[in-house]
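Next up, some structures in structure tokens.
There are two complexes below, and they share subunit A, which is joined by subunit B in the first and by subunit C in the second.
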Partner chain A sequence: MMSLKEVDLLSISLKQYVYKLKAYSALFYVLLLAQIIALFFSLNGISHMSSGNGELSVSVNTYSASLVIVFSFFWILFAAIQLTTKQYKKIENPLVTNSISGNLSNIGFLMTACVFGGFTSSLVGVLLRIIMYFTFDRSQIISDEFILAFSDLLLGISVTILYMVLISGMGYLTGVLTKVSMAFVIIIPAVIIGISKAYTEIFQSLIKFFTLESSLPLFALKVIITSILIFGVSILLSNRGEVSQ
Partner chain B sequence: MSRVLSQLLLFLIGIAIVFMFKFKRPKFYRPLSWKLSVLATGLYLGVLIMLVPILYMLPAKDFIKTAEDKDQPIASSLNLMNNLYNQHFPTEGDLDKLKGIYKNSDQTFKLDSSKLSFNLQPGTENYHVLIERKDLDDGEIDVSTYVTAQYVGEVNFTKRILPPTISVENGMLSLRAPDRQTFEFKQLNVDFTMAQFNNQNSSIHEMSSHFANHIIFIRVPQSLEINRGVLGDRIQII
Partner chain C sequence: MNVIQCRDVTKSYGQNKALDHLSFEIGENKITGLIGRNGAGKTTLLKMIAGYIKPTQGELQVFTRKPFNNLDVSAKTIFIDDNMTFPDSFRLTDILSEVAPFYAAWNSNLANALFNYFSFDPNQAHSNMSKGSKSTFNSIIGIASRCPLTIFDEPTTGMDSAVRKDFYKALLKDYLEHPRTILLSSHLLSELEEILEDILLIDNGSKCLHLPVMELRELAVGIRGNKQTLLTFVEGKELIYKEEFAKGSLYVVIKKELIEQEFKHVRQNGLEVLPISLDDLCVYLTGKTGGGIDDVFKRG
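This part shows the complex of A and B:
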């Protein structure tokens, strides 16, 4: 009996996931737009250094596709928050659903968005290089890191996906919390700003816990465990919210 | 100022994206638009994936190669300058052998006088003139110009430094520095997501500059009378 229920929950969640992929598909336009805008900015260089003496002047323009990844992070954060809003919940109305299946399908959608965002944002770095190759004076381009090793590209894609999973979890939890009580709209930013100002070391060590991890398997483990915890709390809070309503 | 503007622009874009979510939401409900979305996103991803093999097919021969070891040429250059200040002058053979010291011109002039004086024009303050007497009187002055190691970050651009313009007329050797040269380089940093695991700094690479000094090595006939005038401290006879 238990097993039958599980199968039902999974199949319902899967159906909802497919349905939501179609219903929310327009969200991906925003990602495309954000990445193209970020690419446009990246083409202008992210930093400029110049020095010189009486005889000569030297300037170095630095380029990177990191901004594209940052914009993609913002996109997944907003997308995750949006999925918990009433307007998006209305989309579920035609479906037979409960809180768990709704959450699971949302998480499935977010994971798909993370994979798509991770692939595209890292690959825009390739597009940046090709645009630079054909539009800039090649005799000015420093070869280091222009020729991107394929293994590095795969590494970049994996890490971007993992970061997006983590950020989507945070966004989703934020959305769920604001659904529980609108007070969290003020509490969450206040807590974040408060901790970052009053407990700078704790805040920095929280960030460094992920950003300074130089072992990919350990980083993946940290992100996966943290994301499971965040999404788990989100599902629990979401269930409580539904019961109280 | 431009940084402030770009931050403001980023903020505005963020606001625009949020508002797109807010006001364009009804369009997301269009039941049939998902096919178009799948087509657009699929095309976008497809094009980006296609670019990967294209990137690896691009010839990289025109790019600036970075130095594998810049410490030794810079140390060698600093050591040479230190020796010059301590009146330990190298021979031309020494200069040719030193790593990081690059000969950027070699000229020979016919002498039209039994005396040689100097005109070092403004802009040549970084030029150290060394004069060596030949073993014979061949009526010719051989001038070689050298430049010490010149780096920005890991880029060695010593060979791009133009030599000074040298002329010998009526027993006067004139030295004129080239017009101010401008060098522009474009450095690509890996994304921070890659740098985290490659022990690289994704922000700004160390781009410290090391600027060059110039050495003018002049070989003169044995019996030529040399008049250094007031430039005795910049012109050394070895």
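This part shows the complex of A and C:
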């Protein structure tokens, strides 16, 4: 009984990952609900423009499922921060755990959530098109992209997933930092606003670094490396703290 | 070999010392009761052993390793208290089946049998349970996990007396079949002493004593009788406790070894020798002043 049979970090993390997937299943329903709400908003068009000269009037409604994706981004940010809170951490206490396995299973959960969110939000975009196709006067639809090519759909899914990974990493790090000190609740927004005002160029190029990449593999590489760094720092930072009950 | 080795461990929260240079060892497959007054540092010590918090100073080893943030120690330890949190999406039966894969020696049959015996509703949510039911349910996890080191912090909080007795019986039965190291903290020593082998009594974060229950039972006696006679008799001897319960009558608690030769003498003088319960003895040993609560009322 006293033999120190080593426990495998990965297998424990995997068990925790499965446990958390089941435990937090409600979060996935929340996302679906948010996406459906976003879909209803989108059905009215995201922007409306009309002009006329008395004889002729033109009115243009723009439809886009981007609101669905925005909602999904907020959802993953919220989920990532939630996972670092005391309330969620307490769920690990009855299990075999240490800080690293807890973090790894959280990251695993977040990645799953990103994939789920990426797929569903893109598919809701397809759903929007289908609803429009059947309910609108088709002759009035002007778009090259109305019929979505399958390769474009895949591209959309991949890019959404990658953005969500990046956002989840930022949310997670924010959550971990606020656990290190509550001062970060003020410091983080202050630093972000400060940099964007004082070092506009650096800030702009940082945003461009991620938003203006036209090659998918390169973009993926950027996101993956950045995320590994962000999550790595999060693991290091949370490895020191005591478990509070 | 020692399962827990605690050398000079101190835990401070700011100025406040929850544990103060505490040293003790706990051997394999023993049931030890951790006894102490409110705020003595019981929970702090247990959480430290379970690896939730780390010592400020000193060295604590569990299974020859530092328990804090250690996966190997965590795999062999389970900490049961009434703060255990489970996901709201799990029903009670889900909890039992989901926690099971983490513990190598988990016994599902036992868990289910206990679950049925205490007639829980399988569909209930953990967070909606009453205090007593929650304690009972958590204890089932503690017993069924069969962890080499099982820690119960106030396991009987809120349980009614029938359930408490069942819990102790179940724990003892399973322990006899599958020996393991068990640490129990409780206020209710009188109920607990039947199943304990050792008692670790702590007071204000320091060790008061660490003895087998059998030895502790033999440690002290109470003597009651006329104040004058008794005072002359115990003069110069160290008293554990002293109480004047009526005018001219005195009750003292004294170590047995100090009066071993004079037992006859005691009885001849019309003094009464009384056995003392472990519960009372522990209270007296950790008492702040002699006299107890009665002193508060005497002044009025």
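The definition used in the following text is that the second predicted complex is superposed on the first by the 233 of 245 C-alpha atoms of A that agree within 3 Å, B and C clash if a C-alpha of one lies under 4 Å from a C-alpha of the other, contacts with A are read in each partner's own complex, and residues count from 1 in each chain.
Simple rule for what comes next: a contact is a pair of C-beta atoms (placed from the backbone, for glycine too) under 8 Å apart; a residue touches a chain by one contact, two chains touch by 3 or more.
Keep in mind that what you see is a predicted model, and the values were worked out from it rather than measured.
In the superposed pair of complexes, A:82 makes contact with subunit B only, with no contact to subunit C.
Looking at the shared chain after the overlay, A:73 reaches neither subunit B nor subunit C. Touched residues of subunit A, counted separately for subunit B and subunit C, are more numerous for B.
In the superposed pair of complexes, A:116 makes contact with subunit B only, with no contact to subunit C. Once the two complexes are laid over each other on the shared chain, residue contacts for A:46 go to subunit B alone; subunit C is not touched.
When the two complexes are overlaid on their common chain A, residue A:23 makes contact with subunit B and with subunit C alike. Of the two partner chains, neither subunit B nor subunit C is touched by A:231.
Within the superposed three-chain model, A:163 lies in touch with subunit B and out of touch with subunit C [touch as defined at top].
Look at A:91: by the touch rule set out above, it reaches both subunit B and subunit C. Comparing which residues of subunit A touch subunit B with which touch subunit C, the overlap comprises 22-26, 87, 91. Residues 1, 3, 28-29, 47, 51-54, 63-65, 68-72, 74-75, 78-79, 83-90, 94, 98-99, 101-104, 141, 148, 180 of subunit C are the ones touching subunit A in the complex. The touching residues of subunit A, when paired with subunit B in their complex, are 21-30, 32-34, 37, 41, 45-47, 49, 51, 53-66, 69, 74-75, 78, 82, 87, 91, 116, 119-120, 122-130, 132-133, 136, 138-148, 150, 152-153, 155-156, 159-160, 163, 211-216, 219. Looking at the complex, you find that subunit A touches subunit C at residues 1-2, 4-7, 9, 12, 15, 19, 22-26, 87, 90-91, 93-101, 239, 242-243, 245.
By the touch rule above, subunit B contacts subunit A in their complex via residues 6, 9-10, 13-14, 17-18, 20-21, 24-25, 27-31, 33-34, 37-38, 40-41, 44-45, 48-49, 51-52, 54-56, 58, 60, 62-66, 123, 125-126, 152-155, 157, 161, 177-178, 180-194, 196-199, 202-205, 207, 209, 211.
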